[in-house]
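The next part holds the structures, each set out as structure tokens.
In the two complexes below, chain A is the common chain; its partner is chain B in one and chain C in the other.
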Partner chain A sequence: MISKQMLKFIGRRLIFLLITYIVATTIVFILPRVIPGNPLNQILSRLSQVAQANPEQIRAAEKTLMEQFAFDKPWYVQYFDFLGNALKGDLGTSVSYYPRKVLDLVIPVLPWTLLLLLPATIVAWFLGNSLGALAAYRRNSWIDKGVLTTSLIVSQIPYYWLGMIFIFFFGVKLGILPVGGAYSQGSFPNWSWSFVLDVLKHYILPFASIVVSAMGGWAIGMRLMVIYELGNDYVRFSEALGMNDKRIYKYVFRNSLLPQITGLALSLGGALGGALITEIIFNYPGTGFLLFRALTSLDYPLIQGIFVILIASIYLANFIVDFIYAVIDPRIRLGQEE
Partner chain B sequence: MSESLVKIENIRAYYKLKNREVKAVDNVSFEIMENEIIGVVGESGCGKSTLSNVLLNNIIKPLTIVGGRVLFKSNGEYVEISSLTREEVRERFWGKEMSLIPQSAMNALMPTIKLSKYVEHLAQSHGIPKNELLKKARKRFEDVDLDPQWLNRYPFELSGGMRQRAVIAIATLLNPQLLIADEPTSALDVVNQKVFLKILLEMKRQGIVKSIIFVTHDIATIRQIADRMLVMYAGKIMEISPVDKIVEKPLNPYTEGLLNSVLTPEPEIKKRGITTIPGTPPNLIEPPSGCRFHPRCPKAMSVCKEKEPKLVEIEPQRKVACFLYSEERA
Partner chain C sequence: MFKNMFKPLFKSKKFIIGLSIVLFFILLGIFGPMIYRVDPTEMTWDMEQAPSSTHPLGTDTYGRDILAQLLYGIRSSLYVGFLAALISLVIGTIVGTFSAVRRGITDDLLMSFTNIVLTTPSILIAILIASYLDVRSIEMIAVILGLFQWPWFARAIRAQLMSVLSREYVYLSKMAGYGDFRLIVEDLIPTIATYAFMSFVLFINGGIMGEASLSLIGLGPTEGISLGTILQWSVMMDAIRRGLWWWFVPPGIAIVAVTASLLIISTAMDEVFNPILREE
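And now, the complex of A and B:
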């Protein structure tokens, strides 16, 4: 199934990805350093409180820490060290969780974020597109009007606000679902049935808040795409040839879905940002939670490390989406010859 | 004398809007004979496309058939298709008995699947074995001068003219009796137009299609292909005649105006140059009283404003709706 053209296409995409990845990591390197403040302050003030140390000792400690984190070196040296070490798989040591390694901090929380983000985004995309297409096929019916109105309302609700409403209603008022966390306090992650069930119970609210708020936008977009496609000449021609409706709807669905797939790739980054805030609201132990802590303490290595990994996973997802797009749309796959 | 394939009787098709009606086709009657090509001409907004939708019974709101009927000869007997629903006609006739080459036929092919796949889906929809129809498609592609290899390609890999030919080949796969071509050549260059017309004629000669109705605003193409010409203006038939006679001596002043607005090879026309008909087609919500052409007609008389001329046969095979040829003048 994979032809030479396909391989060429994949190769081109990979090179492109590598370049954008380097650009993105550069930005991630620069940004935290522009925020005013000194990452070591926190450690030092803690040190002075705990140890009652005299100023000289603190200055000496600051010097050793500066050397260890290499914050005293010129920025370009830091930059190339960072790139070089990152390629070797070493993302450095966290400042605020000193002396733990960044990688050891990120790896355990990453699955939680992916577990929340990926299914929620895909389910929202799938449901939204199906509803949008349905509304367009039954244009001006009550289904269409219902879908359009609710989508317009829901898509304008900020996901974090929706999350808080959910917590208030289901968690506080009805008390049927837990208000936060990924699992009950006191239990430890394992593969027992009771634990999985517990995780699912904690999962529903954050998951639903992302799905519901993202779905509306997809439905509105898809509805418009399908209405546009239905007016196309190939629909009229296929009808006049006696092609059955089911097949024509399949054509229309397929062609309308193509821009939505690009949209999915584009929205993954945004969805990630949303998931991060959702995690904070729901006290969910994912990367968003960790990033929040890293940002408030200006933990350069940890901020960098989290972004390097998140960007890499988004790019990977983008790449997969691109690949799917090329499989579905021959114009993309074959059209790049010239 | 061949029989008529389609009989259109006093058909009135209006676009019903909230509190207005657009009388796009108003009391139109004619017959499409077996083995003939009818060219339908008129300016934009004269009801030509609505007429082709009426023939297909492709009636989608707000378009409504207000009166009259369309009879289609199928298996030796006439079926009143205008009394069936769109879905019924679609199920029974579309693709098999009547087929369409749409406006801008270049974009008429499903863009993201291979042509062969499209043919297979068509076979499925009609309950025909896939291989049988594919075999037929290969043969038909050769007929329209396309290498059957192109069936294994995507539409966007074909040039505009090739796509157009592929559309004809696919539109005629099931040997429909009536082929409706709705301004199919307007997007083509002159060379491809010629090729296209030749293919249509060949299809008819081989008996793949029986009759063709060719809707266009380009009189030159009709002269090349049609047996009879039907001139429409503001939802009415102004004149219907064999093409050579109409070109030789147009009866209705509107037909004359249309013919004078195109450059033709005859020496006297070359000398005279081209002229245009002043004004634009009327608003079909409130069409002019009497003859709808009278506000623009150079030969308008007082009666034209008051009474509507009937479409009458004044010579064998020539019908015209104009008081210049009627006893009712004066």
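And now, the complex of A and C:
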């Protein structure tokens, strides 16, 4: 099933993403070094402002930062050390959670973010595309106008603000859903029914706020795609042949969905950004929450580590989407991509 | 020429509604603080008060007037959006045009670079850069956001220019001995102008949303008030769970109203200028 052309396509994408990853880590490397003044001193003086009462922690931080940034070595040695470590997955030691490793801090919170972001994004994608296609089939009807107008407004609502409104309305006013966290305080993650139910209850609001506000954009895009697609010759030809509408719509839907798959890959970054802030609003113990804590305590190794891991995850997701695309679209499978 | 071009726009109900709302907010941002002369930073003893006649939108934890904050916030959020959009538009146009005109290795390199930036989530890079800056002015936020949202525009401009450059009227202009400059002004710019304007409008949205995102994560402008910083304060003071709706609802409505109206303007323009989408 996997043809030579497809392997070539996948190979090309893999090389591209690897280069992109190296560029991204290079940015992480360059930034603290191009900011004027001695960045290490600057970081340390800011750290001492934040963590005033704890000289021991500052000394530990100093040691870690000296080791990690290693400004005394020539820049190319620093660079290749950094790149090698990043590719190996060694992201250094956290300053604010000293002496814990950055990777050990990020790994346990990552599943929460994925659990929130992936299902919400996929559900929003399906619902939005179906709504958009429906609107396009019934072009200029009240369904079309309703879907378009609502989508235009809803697509511009930031996830986190909708989250705030949901917390206020369902959590505070009506009091029917929890106002934050991933599970009730005092309970510990386990696989009992009551805990899973508790997690689900805490899941509804952040999930719903992402689904609702992400849906609109997909509906707008899909509506346009289907309108374009309906203008194609094959649609007129099929109509002339007397093919029933349902069958034509099926073909049109499938063809219009293809660009939306590429769109899904490209939108993941923005969706991740929104989800990170939604986590902060909901006190959801995911990567966004950890990033927020790292930012407030100026834990640069942790900030950089989270950045590198999130970027790598986005690239991986991109690759998976490319792969799915190649499986679905015969033009890529047969090597006629351009 | 331009007068006739824009005439059909004003027959579109969507366009008029979108434009009116945007203009309303622009006027509110410019003249609002001059008419409603309350210092948004002044702390009073009226703490966390619900909307009343003395404070039309209530006050925050420090007794600062929310309406005054909102007016200044609209002003700076629009400013950030506009500035970021300008930066993105310029970078995108330069990269896209060079790619299309030069072709060959320049095109390959520029497009690889564009794809790298496109694949990398701009908000994450913005967070990373902002975290290294001690003091962040509103202009700096705009630059950070503007530097990374141009790639899709550069690709679209490149594609459009390439298709225009292979059309007959461009060959004719070349045969007629038009110089590069005249070719660009007369043949190329009119074809990409509407698309560029529609993209500019969406870039403004990117800037406004980006500023709010950065602020909420604690990396917004360190001076001045923006819609994002008002939201951030409300989150820091737990206004949501304590039911102080007048604090976090208005800035969100302002963000959605402005960005949705801009999107509606862009959609309406697409419907007017794009023959496939034109409503019969």
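Observations
By our rule, the second predicted complex is superposed on the first by the 281 of 338 C-alpha atoms of A that agree within 3 Å, B and C clash if a C-alpha of one lies under 4 Å from a C-alpha of the other, contacts with A are read in each partner's own complex, and residues count from 1 in each chain.
As a working rule, a residue touches a chain if its C-beta (ideal position, glycine included) is under 8 Å from a C-beta of that chain, and two chains touch if they have at least 3 such contacts.
What you see is a predicted model; the values in this text were computed from it and never measured.
Superposition of the two complexes onto chain A shows chain B and chain C fitting side by side, with no clash. After overlaying the two complexes on the shared chain, residue contacts for A:T296 are found with chain C alone; chain B is out of touch.
Once the two complexes are overlaid on the shared chain, A:D233 sits against chain B while remaining clear of chain C. When both complexes are overlaid on chain A, the residue A:G181 reaches neither chain B nor chain C.
Rounded to the nearest 10, the angle at the Cα centre of chain A between chain B and chain C in the chain-A superposition is 70°.
Once the two complexes are laid over each other on the shared chain, residue contacts for A:P119 go to neither chain B nor chain C.
By the document's definition of touching, of the two partners only chain C reaches A:I157; chain B does not.
Once the two complexes are overlaid on the shared chain, A:D329 sits against chain B while remaining clear of chain C.
Taking chain A as the reference, the larger set of touched residues comes from C, when chain B and chain C are compared. Judged by the touch definition given at the top, the superposed model places A:N244 against chain B, while chain C stays out of reach.
Of the two partner chains placed around the shared chain by superposition, chain C is the only one that A:T20 touches, whereas chain B remains out of contact.
Superposition on chain A leaves chain B and chain C with their closest Cα atoms 9 Å from each other. Of the residues of chain A, not a single one touches chain B in one of the two structures and chain C in the other.
Those residues of chain A whose C-beta lies close enough to touch chain C in the complex are 16-17, 19-20, 23-24, 27-28, 31-32, 35, 39, 42, 46, 140, 148, 152-153, 155-158, 160-161, 164-165, 167-168, 171-173, 179-180, 220, 224, 227-228, 231, 266, 268-270, 272-274, 276-277, 280-281, 288, 291-292, 295-296, 300, 303-304, 307, 310-311, 314-315, 318.
Only residues 56, 58, 90-91, 93-96, 99-100, 102-105, 107-114, 121-122, 124-126, 154, 156-157, 167, 170-171, 173-174 of chain B touch chain A when the two sit together in their complex. Listed in rising order, the residues of chain A touching chain B in the complex are 232-234, 236-244, 247, 251, 254-255, 258, 328-331, 334-335. Residues 112, 115-116, 118-125, 127-129, 131-134, 152, 205, 209, 212-213, 216-219, 231, 235, 240-241, 243, 245, 248-249, 252, 255-256, 259-260, 263-264, 267, 276-277, 279-280 of chain C are the ones touching chain A in the complex.
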